[in-house]
Amino acid sequence: MSTRNIVAVLVFSIVALFFVFSALLIHPFGDPGAVKMDDHIITNTQSETGANNGVTSIVFDYRGFDTLGEATILFAAVASVMMVFRRLKK
Amino acid sequence: MIFNIPFIAVVAMIFIGLFAVLFKRNLIKIVLGISIIESGVNLFLITLGYREGGVAPIYTSAPSDAITNTPGSMVLPVPQALTLTSIVIGVAVLALMLSLVMHIYKQYGTLNVRKIRRLKE
Amino acid sequence: MSEMSKIVRTIANVSFPLITIFGLYVIAHGHLTPGGGFQGGAVVASGLIMLLVAYGSTWAFERIKEKRLTSLESLGAVWFIGVAFLGLFVSGIFFKNFLVGLKLFDNITFFGDIPVVGSTLANINTAGVLPLMNFAVGLKVIAGLFAVVLVMAYASSLKEWKK
Amino acid sequence: MNLIDILIQHSPPLIVAVPLFSAFLIPLVSRINEKVRNAFALVMMSITGFFIALLASDVFANGPRIYVFGAKDLAIPVVRILFEVDSLSVFMAIVTFILVFVSLVYSWSFMKKENDGLDKYYTLILLLVTSTLGMELTGDIFNFFVFLEISCISSCALIAFWVHKAEALEAAFKYIVISSIGALFVLFAIGIFYAQYNALNIATLSNVLQFTFLDKIALVLLVVVLGMKAGLVPMHMWLPDSYGQAPPSVTIVIIGATQASLYGAFRIISTIYGNFFNSTDLSVVNFVLNTNAIGWVIIILAILTILIGVVMALIQTDFRRLIGFVAVAEIGYIFLGMGVRLASKYVESVGNVPTAIVFPAYGSIALQGSIFHIINDCLDISLLFLVAGAIYYATRETSLDEMSGLARKMKYTTVFFLIGLLAVSGVPPMNGFSSKLLIYESTYQLNPIISIIAILASIMLLAVFVKVFYSAFLGPKISKFENVEEVPKSMLIGMGVIACIIIIFGLFPNMIIHYLVEPAANALINNAQYISTVLGGV
């Protein structure tokens, strides 16, 4: 067992503990604790944004700036792949 | 109801992904490990938003009883929007990593992490 | 990748229009039914990639210049952020949904109707800026994803990568 | 509402939207010709700088300012994304702007020899700037995560800009693997916050947080990942690799992005968990032990970072990799200041009844020292990378063994290298000295041994650079460097701007501390004001 493996096992187990404890302590599946923000969105998504689809009204109106970041990420990924493959001979 | 099985599935996926990233030597397996962790975290986000007997938060042709007690009968929409963003991030990171792996294979001739060690201490 | 057999190519020809129509439907009805710009764009991009696989990347690379694809994609991005800037110029708030309830001349609305709260009827002329943003993101995802897969497919078919 | 007020009111979104809009336009603009594209990028960057200066003057005068996206007034269950700009975020935006403006001026001629891929280069630089500024101005943790991800992708692509060099590809792949796993852990921590409090806004979260066991897990996840992204020891290996392989004009912008993750770590420790680590009212008495524990953990990590950075720098032969390790050491000083402040909190009690919780004076001095050191560290390390880039441009050589006798031909570069050398090792006339003195002074009062180690490490930094100066600049003339001549003008301008700022900061430190650093430190300490601007003192 090389030292690299021992370190990897150590890191793996420490990080794994974090996820196990959080999965145990999180609210039980099916009844979320606090729901104030989401109820506000569900009740007046039609009146404020005019959209029937609650998720799309969040993606493009309530949290539209995230989706602008989203479009930038896609734009950055395409620009970087094009840059990495810029030396293609036709 | 199934008590906390989705959260156990989340932890299992994150374990598998982490195992692949830390212990596998092939570059493509590391990239696949990261996608597995990514889908595990997405599953975690989605399961946070489930509500007992909830319907999708869409009003078009929604069942009439869901309309009457509106907020309580619909699933939380915010985690779904966050997961949409996280999925597109996963696609972008995957595309970038795979193009780098292709170039590393062209330059080094191998995909074995041990042999790609030109940046010495 | 080299070309596929005749059977695969004909089936690809037949199913490509259906996939594209379904993808455009998902983009256009993003604010009514489940879906939207990202999901619909991915469906149309997968139709295009199916064509790429069926006809081989060299055939596709000659036909479609990726320069045009990237400028199409930056056009979609400029359209998306332009709509956000329009919100700033029209109503003084960045990213404002200024089209909702905006009555143009003799109350014709451009995507401006507001549905009755709780109504389950789908009226496409609603949700203000959302459909415009859906189209912008859809165009961007189609051009972006197809350009990435096209370049990677063509690169892997070149000689120096097959060491 | 005259024009200036309108501009100030709309400047937070415009600071992020203008570079983003120009990044989208670059592929279309670059079809005209090269000069127009470079000029377009510079003009757009100076417009952003104008908005940053406008916003800075307003925020330093009258406190934090918020901007809600998509609605005029703020509904109380905060649903929309909002930008919250206080003095610390504006301070970081100024740092980022200086670095990026110099990088754009520098790469005008540094990149002239590259023939293809330059419009993608400018697009990605502007996207990296947008994501860095977005990370510093946003008031929403998921929005912070999205901008963190954009900075990961664009800096990874820029590290791999020289695709023909195998080491650059390896450094870029190592960087993207570590960053994407880190970003996924940040997303997991955001999921934990969302599950408990159903809120994604930083001010709402810090107001409603109860420091449950889940919050401790989220705190450890966030601080470890953002510390790792800033370059703390356990996972610092990507930093010298990436700084060593990326083109120097890119490295400067990546330094800005690293400082943004550092800002994220500070924001999480003192604002989201501010009610437990920052506040001094008696209800928090049983959390003082946690604060000291977190403080001591950060101090130990910081000291390890400084020592490893300096020791590894001594044995390097590649010039830019050496500066990368020095950058790791400098990050250690910044975290040292933060750790000292957290560790210095104590409880005053009469008999055994706690009467007050007190932050000693040297705690806030340590924080001011670490914030002042953020800007000093950025400027010094960038000047050294620009000098390394100039040497690479003139001689195409990066390893120190082959370089010698460059002072004869490249006089200005040698002068800039001397300024950078003195500034990094904290020698009086330069700016490094004043911020390091603040950190030494306050660390000494907490525990003398730590400050002695920090001073020794700084002296070893000086030794590292004197070795480099003799071997690269003063050695005998080599035939290989016969036709080496000074670098073109725009690179000298870039280095000159940073050198002047370093000297100005070095000569008038108290003016800079009074106008820039103190408001930023007070903004970080006073998280109640941060919460009340959003929730209206509810």
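By letter and in written order, the chains are A, B, C and D; residue numbering begins at 1 in each of them.
Basically, contacts are C-beta pairs under 8 Å (C-beta built on N, C-alpha and C of every residue); 3 or more make two chains touch, one makes a residue touch a chain.
Remember, predicted model here, so these are calculated numbers, not experimental data.
K.L.:
Common contacts of chain A and chain B?
P.N.:
C, D
K.L.:
By mean C-alpha coordinates, which chain is most distant from chain B?
P.N.:
Chain centre farthest from chain B's centre: D.
K.L.:
Does A-C or C-D have the larger number of C-beta pairs in contact?
P.N.:
A-C
K.L.:
Determine the centre-to-centre distance between chain A and chain C, using the mean Cα coordinates as centres, and give it in whole Å.
P.N.:
That pair's centroid distance is 21 Å.
K.L.:
Could you work out how far the Cα centre of chain C sits from that of chain D, in whole Å?
P.N.:
37
K.L.:
Would you kindly tell me how far, in whole Å, the mean C-alpha position of chain D lies from that of chain A?
P.N.:
24
K.L.:
Which chain B residues reach two or more other chains?
P.N.:
Where chain B meets two or more other chains at a single residue, that happens at 48, 58-60, 70, 78, 82, 84-85, 88-89, 91-93, 95-96, 99-100, 103.
K.L.:
For chain D, jot down the residues that touch at least 2 other chains.
P.N.:
As it turns out, chain D has residues touching two or more other chains at 20, 24, 27, 69-70, 142, 146, 149, 153, 156-157, 160, 163, 188, 195, 200.
K.L.:
Hunt down the residues of chain C that sit against at least two other chains at once, touch-wise.
P.N.:
32-34, 36, 38, 70, 74, 77, 81, 84, 95, 97, 115, 118-120, 122, 148, 152, 155
K.L.:
What is the shape of the graph in which nodes denote protein chains and edges denote touching chain pairs (line, ring, star, complete, other)?
P.N.:
If you draw each chain as a dot and join those that touch, every dot ends up joined to every other.
K.L.:
Write out the stretch or stretches of chain A touching chain C in their complex.
P.N.:
Against chain C, the touching part of chain A is residues 44, 46-53, 55-57, 59-61, 64-65, 67-68, 70-72, 74-75, 77-79, 81-82, 85, 88-90.
K.L.:
What does chain C use to touch chain A in their complex?
P.N.:
Counting only chain C, the residues touching chain A are 30-34, 36, 38, 61, 66, 70, 73-74, 77, 80-81, 84, 95, 97, 100-101, 112-120, 122, 126-130, 133-134, 136-137, 140-141, 144, 147-148, 151-152, 154-155, 158.
K.L.:
Show which residues of chain B lie in contact with chain A when the two form their complex.
P.N.:
Where chain B meets chain A, its residues are 1-8, 10-11, 14-15, 18-19, 22-23, 47-52, 57-60, 70-71, 74, 76-78, 80-82, 84-85, 88-89, 91-93, 95-96, 99-100, 103.
K.L.:
Going by the contact rule at the top, pick out the chain B residues touching chain C in the complex.
P.N.:
56, 58-62, 64, 67, 70, 84, 88, 91, 95, 98-99, 102, 105-106, 109
K.L.:
Okay, in this complex, where on chain C does chain B touch?
P.N.:
Chain C residues touching chain B: 32-34, 36, 38, 115, 118-122, 145, 148, 152, 155-156, 160-161, 163.
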